[in-house]
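Pasting the structures in now, so scroll down.
Look at the two complexes coming up: chain A is in both, with chain B in one and chain C in the other.
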Partner chain A sequence: MAKATNDAQLLIQSLRKAYAATPTNLKIIDLYVVYAVLTALIQVVYMALVGSFPFNSFLAGILSCVGTAVLAVCLRIQVNKDNKEFKDLPPERAFADFVLCNLVLHLVIMNFMG
Partner chain B sequence: MAKQLKVHVFLVLICGSVLLSNGSVIRPISDAHRSAATELFVPSHDGSFGSLEETYEALRTFQVLGVERSGDKTEGICKTVSEKLSLPDSTTKDIFHALKIKGILGCSTELVDFDGITSRLQYVINDASSLLELYYSLGGLLSIKEQGQNVILSDVHATFQAIKALSQSDGTWRYDTNSPGSSTFAAGIALEALASVVSLAGSDIDQSKIAVVKKDINKLFDRIKRYDDGTLYFDEKNVDPDQYKGPLGTSASVVSGVSALAAVSSEKLNIGGEKISGLAKFFLSIGVPGTTKDFFYQINSLASLESNRVSIPLILSLPATVLSLTSKDQLKAEVTTVFGSPSPPLTVSLLKVLTPDSKEVTHFEKKELEYDQENRIHFLDISNIDVGKYSLIFEVSMNDPELAENYATGGQISVTTFLTGNVKIDKAEIAISDSDASSESVKKLDLSKDSMVSLSANHLQKMRLSLQLKTPLGKSFKPHQLIVKLQHESKVEHLFVPDMSSKQYNLVLNFLGLVEKFYYLSGRYNIELAIGDAVMENSLLWSLGSIELDLPEAPEKAPKPRAQPVDPLSRFGPKEEISHIFRSPEKRPPQELSLGFMGLTLLPLLAFLIGLLRIGVNFKGFPSSAVPASFAVLFHGGIGAVLLLYVLFWLKLDLFTTLKALGFLGVFLLFVGHRTLSYLASTSAKQKTA
Partner chain C sequence: MAKSKVEGSGSLRNAFGGVLSVFILLLIGVLAFSIRLFSVIKYESVIHEFDPYFNYRVTQFLSKNGIYEFWNWFDDRTWYPLGRVIGGTVYPGLTLTAGTMWWLANSLNIPLSVETVCVFTAPVFSAFASWATYLLTKEVKGPGAGITAAVILAMVPSYISRSVAGSYDNEAVAIFALIFTFYLYIKTLNTGSLFYATLNSLAYFYMVCSWGGYTFIINLIPMHVLLCIVTGRYSSRLYIAYAPLVVLGTLLAALVPVVGFNAVMTSEHFGSFLVFIILHVVALVYYIKGILTPRLFKMATTLVLTVGVAVCAVVIAILIALVASSPTKGWSGRSLSLLDPTYASKYIPIIASVSEHQPPTWPSYFMDINVLAFLVPAGIVACFLPLSDASSFAVLYLVTSVYFSGVMVRLMLVLAPAACIMSGIALSEAFGVLTRSIKFHINNFFVDSHTNTPATAKLGDSTSTESSVPHQNVVKSDTTAKSEVVKKEKVARRKQKKEKELTENALVKPVPAKKEKWPLVLPFEASFVSILLLIVLGGLYVLHCVWAAAEAYSAPSIVLTSHSHDGMHVFDDFREAYAWLRHNTEVDDKVASWWDYGYQTTAMANRTVIVDNNTWNNTHIATVGTAMSSPEKAAWEIFNSLDVKYVLVVFGGLVGYPSDDINKFLWMVRIGGGVFPHIKEADYLRDGHYRVDAQATQTMLNCLMYKLSYYRFVETDGKGFDRVRRYEIGKKHFKLTHFEEVFTTHHWMVRIYKLKPQKNRIRGKSKKSKLGTKSSSSKQGGITRKNPWN
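Let's turn to the complex of A and B:
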C-alpha cells in the first residue's frame, strides 16, 4: 500500500516536472481553460442549490464557459509547436480565429441569456 | 305560459276597445290639432318657416285654427316680403305667396310698388301659356285687389279662354299647351284661377261661361273615389312621379278650386251635400297630420268646406265608442261643423243597431236622442241593449226644414261601438266519473270563494267540467276565448276547448284516450280556466285547483314531452365571473445568496490573474515602435469595445442595433487585427531567421 501512494506521488512529481517544461503561452492557455471550467462548476453548484428557474440564463452561463474553454483548447492545439499537423499555421492566425470565434460565441450567449 | 295567457286575455280586451272596422273614428278639429300645429310649424331664427311658400302655409294654418302666436317675428317676415316684392327678378310664385302673407299678417303697404307689380303680373298673364304662371299671377292680382288697390284685368275673355283651353274631356286639366299629361290636381288649380278671373272681372263676366265650367266640374266629380264608410276623395288616374301630390293634395286642390268658383258664381253648383260630406269626412279621417304640407292641405280644405256656398258639412261624432253597462254609460253623440263650432238646432235619431254579421237587433225601434242644451250633447239610455260589438246607424235631420239645403248632414252614418259589461259565471262544476258513468263525484266551483278543488283520478275515469256564461241582461254569452289548461308539475301543459251546447259549456276529458297525449306523466296537474272577450269587463284566468292523475307506465317507444322553454335569462343571462388566476411567480432564491454566488464566480477570475502572474506573464511582445504600437492598442481597444457593446446589448439594446454596431466594429477590428497580427507574425519570423 505504501508503494501505491509512493507510486502516485512519484507520478505526480514527474508530471509536474514535465509540465514545467511546457512553453509559457501554452501554460497561459491551460490556466484560462481551468478558469473557465471552474466558473462553470460554480454555476452548476448554484443551480443545484436554487433550481434551474431561468433555465436559459443557466444554459447561457454554462455554455459560455464551456464554449470558451473548447475554443481555448483548439487554440492550444493549433499553437503547440509539437503538433505536426498545424506546422504551417502561423500562431497569430490561430489567435485571430480564437478571438473571432469567441466574439461570435459571446454574442450568441448574450442574446440567449435574456 | 300562464302569464302569457293572462297578458293575451287583457290584450284582447284592450285591442277590442280600440278595434276599428272599415272606417276610422272621425272627430272634428280640436285642440289636439292646434297643439300639433304649434309643434310642427317651427319657425327658423329669422321668424320665417322656410321658403315663402312654407311660410304662407304655416301662417294660413295658424290663421284658420285661430292659434295665437305671440312669439312670432312678424316684422322679420314682413321685411322679407317687402324685399321680395321689390326685387325685379322675383318669380310669380314668390310674388303670389308674398302677397298672400301680406294679406294674412297685415303688413304695412308703404314701400310696395303695387303698380309695378300689377303691370308685371299683367304682362305674365298676357304672355303665359302655362297654367301655373296664370294661377300665380291671377292670384297675385286678386290679393292686391283684396288689399284695397284698384286692379283691372286687361283682357278677361282671353284669359278665361286661355285657362279653359287647357281642359281635357274627362274633367282634368293640362299644365301647359306643350305637356301631354293632365291631372286632377291641375284641374283644382285651374278652377281656382278661373274663380280669380271672375272676381277680378267684377260685373264684366258672362255667367254663361261659368256654366261651361260647371260641366267640367261635373265630369271631375264623376271620377271621385269612395271608401266603404262613405268617405270620398280625389286621386290621379295617371301618376306622374314628379308631380304626384297624393290623394290628400289632389283632393285639397280640387276642394279649393271648386269652393272658390262656387263663391263667385251666381248660380249654385250642383254638387250635392253627400259629396261635400264625404270630402269633409276624408279630410277629418286623417286625424292629426304628421307633416306641414299635409297639415296645410287638411286645414285649408276644411276651411274652404266650412265656408262654402254649396252646403256646409256637419259631422256626427261620438266622444266615446266603448260604453260600459256596469257604469251605466249613456250613448252620447255630438254634431258640429268640421272645426267643432256648434250647429243649428237639429235632431239625431238612432235608426238601427246592427250586430257584426249585419243582423238587426230585433227588439230595437228607432229612437231620437235627447238633447242636453248645456253641454250640446245628444244622449240616449242604452241599458236595454246587451253587451257586444254593434254598428249604430244614426241619422241627422235639421229642426228647421229650410236650412236642410244649406247643410250636408251625411245621410245615414254608421259608427262602431262596443258595449261592455260583466259576464256572470253560473253553475260551474267539475266532476270525476267512472268510465261506465255509474257514479259521479261532483264539486261545485264558485269564483267568489277562494277555494281550490283537489281531485284525483286514474286513467280509467273521466273528468267533466261544465259552466254557463250569462250577460248582464241574462242571455247566454259566447266568449271569444274559453280555454281549460292542465299543467303538470314538470311544466308540460295541455289546452282544451269546451263545446257549447244549448247555453251550457261542457268539457269531458276521457283519460283513457288521453294517456298518450299526456306523455304518460302521472302526478299533480293544475287546472286553470281562461275566459276572455273584448266586451267582457271581467275577463279572467281562474285557477280551479288540481287533479292528481294516475296514469300507467310509459312503454318503451312512448313519445317524450317536448323540452320546455328554458328561462332565457338563465341561459343567456350573464354568467358568473371568472377570476383569472395568474401563474404564481417562481420562488426566487434570497438575494444575498445570489449576490454571494456572483462574488464566488468572480473568484476564478482572480485565481486566473494570480496564476498568470505566477507563470511570469510579461508585455515583452508588445510592439515598441509607434505605428504598430498604435495598431496594437487599437486592436485591444476594439476587442474591448465589442465586449462593451455586448454588455450594452444585454442591458438595453436590441439585436438589430447591436448587429449594426457590431458590423462596424467588426470591420474595424478585422482591419486593425490583421495589421497587428501580421506585424507580430513578421517580427517573430524575423526573430526565427535571425
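Let's turn to the complex of A and C:
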C-alpha cells in the first residue's frame, strides 16, 4: 500500500518534470484546452441545477466548448516540433486551418443556439 | 546527363498522364450522364415511380414560395384529417439541391422548368459521384485504380437503377454525398490537415440533409477508427480525422430538422460518442508514453488500470441501465429492422410489406453488380498489399455494406460504390502486373538481341513509373487471384494447361542473383492472353450494364408498355385517371386509395388524400385497410367519417398488370387486422390459399376491394376471366349499393368510385344497422352517421 502511494508520488513527480520541459507555446495551448473543458463542466453543472429546457442552447454551449478544445488539441498536434509527421507543415498554415475550422464551428453554434 | 534526360521524360510523361486523365474523367462524366437517359428517349421526360412525385411536389412548392415558406410548411393535402409537417419530416437535401440548380439556371436566363431540373438531377449527380469515386480510390491506391473505379461506377447497374433520368429520389444525391464524405475522410487521414477535416464535416452535413442512410457513415467511420486503434495503427492524423468530425458533425446533424435532437439521443449515434471517448483515452496514453520512461510508464499503467477499470465499470453500468430502459434500446424501428432481419416481419408489417425491403436473391447480385462480384475478392487481397489506413477503410466499408445488402435489396445501392472501388483496385493492379511483364519481356527481347547482359538499369527505368518497390508477393497472389478469374472465363482447355505450365515454370525458374530486387513477372504469352481476357471481361460488363439500363431499369412505372404481334401498346391509365380527377372533381374533395398512390395523387391530381407513401401513421393506414376489407356498408361508414368523396382502386385483371390492389389485398388485411382485431386474415383465405374465384370465401367476395375491382368486369368478355390471377372470378353479377362508378380508364387499370350520399327520406322500415366497425369509425372521433339503407 505504501509502495503504491510511493509509486504514485514518483509518477506524479516525473510527469510534472517531463511536462515542464515542453515549450511555452504548447503550454499556452494546453491552458486553453483546460479552460474550454472547465467551461463545459460549469455548463453541465448549471444544467443539472436549472434543467435542460432550451435543449438546443445547452447542446450548442457544450459542443462549442468541446469543439474548441478538440480543435486546440489538433493545433497542438500540428505545431508540436517533436511530431515527425508534421515537420514540413508550417505553423502558420496550421493556425490558419485552426481559425477556419473555428469559424465554421462558431457559425454553426450561433445558428443552433436559437 | 542520362539521369536528367530520364527525369525530363518522366515529368513529361507525368504531365501527359495528367492531361489524359482529365479528359478521361470528363468522358466518364459524359458516359455516366448518357447511360441514364434511356427512359427519356424511350418514353418521355417524366418523373418515375411514387416517391419522386412527392419530392417533385415539394420542389415545386419551394420554387414557387421560397425557402422560408418551405421550412415552415404544414401540408394539409395529405393524411386527412391529420396533415403532415413537411418542414420537419423531410430530408431537405435533394429538394434544396434541385431548387438551387433551378434558381441558378433561371437567373442565368436559361429557362429550365422545375420538372426538367428534377428529371435530370440524378444523371448529373451520378457524373459527380463517379468523379468522387476517382478521388476516393486515388487516395486508397493510386490514380490508375481511381480511373478504373470511376468508369466502373459510372455504369454499375445497381446505381443506375436508383438514378435514371426521372428517378428523383434521395439516393440520387445521397450516393454522391456518401462517396465524397468518405473521400474527404480518407484525405484527412492521409494528410492530417485540419482544412480537409472541416470540409469533411461539411460534406457529412450535406449527407445528413440528403438521406436517412447517413447513420451508415456515422457508424462506419467510428468502426474504422476502432479498427485502427486495435490494430495498432493509431496516429495523430487519426485524431485529427475523427475528433473534429464528431463534434462538428453532431452539431451539423442536429441543425437538420428531421434529425434534430436525435443526433445526441438515439443509439445510432452513441457509437460515435463511445469511440470519441476511447480515442481520447488512447491519445492520452500515447502522449504519456511519449513523456515518461518505459519503467515509469509501466508503473503508471498498473496504477491507472486498477482505478480505471472500477470507474469504467460504473460508467458502463449507468449507460446500460439508461439504454435498456427504453423499449427498443434506443434504436429506431428502421435501424432495428436492419440489424435484426426478422424484426420487421414480427413487429412492423408496413416495413415488411415493401418489396424493396426484402432480402435479395442470389441472381440479383449478379444482375446488379455483375462482373464486380468476383473482382471484389481480388480487390480485397490487393488492399492488403500493402495495408494502409485507407485500404483498411475500403475493406471495412465493403464488408459492412455486403452484410446490409444481404438484409435489404434496396441497400445493394450502398454496396455498389464499395464493389466498384475494390474492382477498380483489382483491375488496375492486374493490368499493372501484366503490362509490366509484357514490357519486361519486350525490353529483354530487344536488349538480348543487342547486348548480352540483361540491362538492369533499363528495367529499373521502365518499372520506376509503376509501383516503385517490386512486390514479389503481389505477383504470386495476383497470379492465383487471376487464375481464379481466368478460370471462370471460357478458356480453351489446352490454353489453360499451357498457362499453368508456364506460370509454374516462371515461379520455379531461378531469379538471376543480382543485388537489386527484380520484380517477378509472368511469361509473355500468359500476360498477353490475360490482358485480352480482361478486356473481354470489361466488354461483357459494359454490354450488361447498357442492357440493364435500357431494358430493366428505365421503366417509369407510371407509363407501361407491352409488345405484341401488332406493335407496342402504351398504357397511360394512371395519368388518365389523375387528370380526370383533376378536371372533374372539386378542389377540396378527398380521395381514398391504398397508400402506394398517395404521392402521385397529390402531385398529379392535386387532391387531398387520406394516406400516402410516407406511412408514418400505422393506425390511419389500418383504417383504410379495414375499410377496403369490409363489406360495403361498413366501408361506407368508415369513409364517410373521414369525409372521403372518391375511392380509387387499381385493377390489372383486364390487361394482366400484376401489381394491382387485389394482389396487394392481403397486406391491407394484415395491416388492418393489426389494429382492428375483427379483421382476420383467415376469413379471406380458403384452406390457406388466397383466391377470388368461385372457391373464395364469402368475406372475400363481399369485401369492398373485390366489389370495386370486379364491378361490371363480366361485361368485358362475358366470362369474367382475370388475366392476372388466371381464372374466372367468383361473383360475377352484382350491383353496388353505396358506391357509384364514376370513371374507369381505358384499360380498366384505374377505377374511381364516388360515395353515394345519404337519401333524404327513409323508405319503409329502417332496421338498426348492426355495424361491427362502428367502434372503428367512432375511434376516428367523427360523427357516426346512421346509414339508412336496409
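The criterion applied here is as follows: the second predicted complex is superposed on the first by the 114 of 114 C-alpha atoms of A that agree within 3 Å, B and C clash if a C-alpha of one lies under 4 Å from a C-alpha of the other, contacts with A are read in each partner's own complex, and residues count from 1 in each chain.
The definition used in the following text is that a contact is a pair of C-beta atoms (placed from the backbone, for glycine too) under 8 Å apart; a residue touches a chain by one contact, two chains touch by 3 or more.
Since the structure is predicted, the reported quantities are computational estimates derived from the model, not experimental observations.
Colleague: Looking at the overlay, what does A:E92 touch: chain B (first), chain C (second), both, or neither?
Modeller: Touch status of A:E92: first partner only.
Colleague: Is A:Y46 in contact with chain B, with chain C, with both, or with neither (first, second, both, neither)?
Modeller: first
Colleague: Please determine whether it is chain B or chain C that touches the greater number of chain A residues.
Modeller: Counting residues of chain A touched by each partner, the higher count goes to C.
Colleague: Return first, second, both or neither, reflecting whether A:N83 touches chain B, chain C, both chains, or no partner chain.
Modeller: In the superposition, A:N83 touches chain C alone.
Colleague: Which holds for A:N111: it touches chain B only (first), chain C only (second), both, or neither?
Modeller: In the superposition, A:N111 contacts both chain B and chain C.
Colleague: Determine, under the contact definition given at the top, whether A:Y35 touches first (chain B), second (chain C), both, or neither.
Modeller: A:Y35 contacts chain B only, not chain C.
Colleague: Counting contacts the way the document defines them, which residues of chain A are shared by the two interfaces, the one with chain B and the one with chain C?
Modeller: Shared contact residues on chain A (touching chain B in one complex, chain C in the other): 111.
Colleague: Can you list the chain B residues touching chain A in their complex?
Modeller: My answer: residues 586-589, 593-594, 597, 600-601, 603-605, 607-608, 611-612, 615-617, 639, 642-643, 646, 649-650, 655, 658, 662, 666, 673-674, 677-678, 680-681, 684.
Colleague: What residues of chain A sit close enough to touch chain B in their complex?
Modeller: Contacts found on chain A: 24, 27-28, 31-32, 34-36, 38-39, 42-43, 45-46, 49-51, 53, 90-93, 95-96, 99, 103, 106-107, 110-111, 113.
Colleague: For a test of understanding, state which residues of chain A touch chain C in their complex under the given definition.
Modeller: It comes out as residues 4, 7-8, 10-11, 14-15, 18-19, 55-56, 59-60, 63, 66-67, 70-71, 73-75, 77-78, 82-83, 85-86, 89, 94, 97-98, 100-101, 104-105, 108-109, 111-112.
Colleague: Which part of chain C faces chain A closely enough to touch in the complex?
Modeller: Interface residues on the chain C side: 192-195, 197-198, 201-202, 235-237, 239-240, 243-244, 247-248, 250-252, 254-255, 261, 264, 283, 288, 290-293, 296, 299-300, 303.
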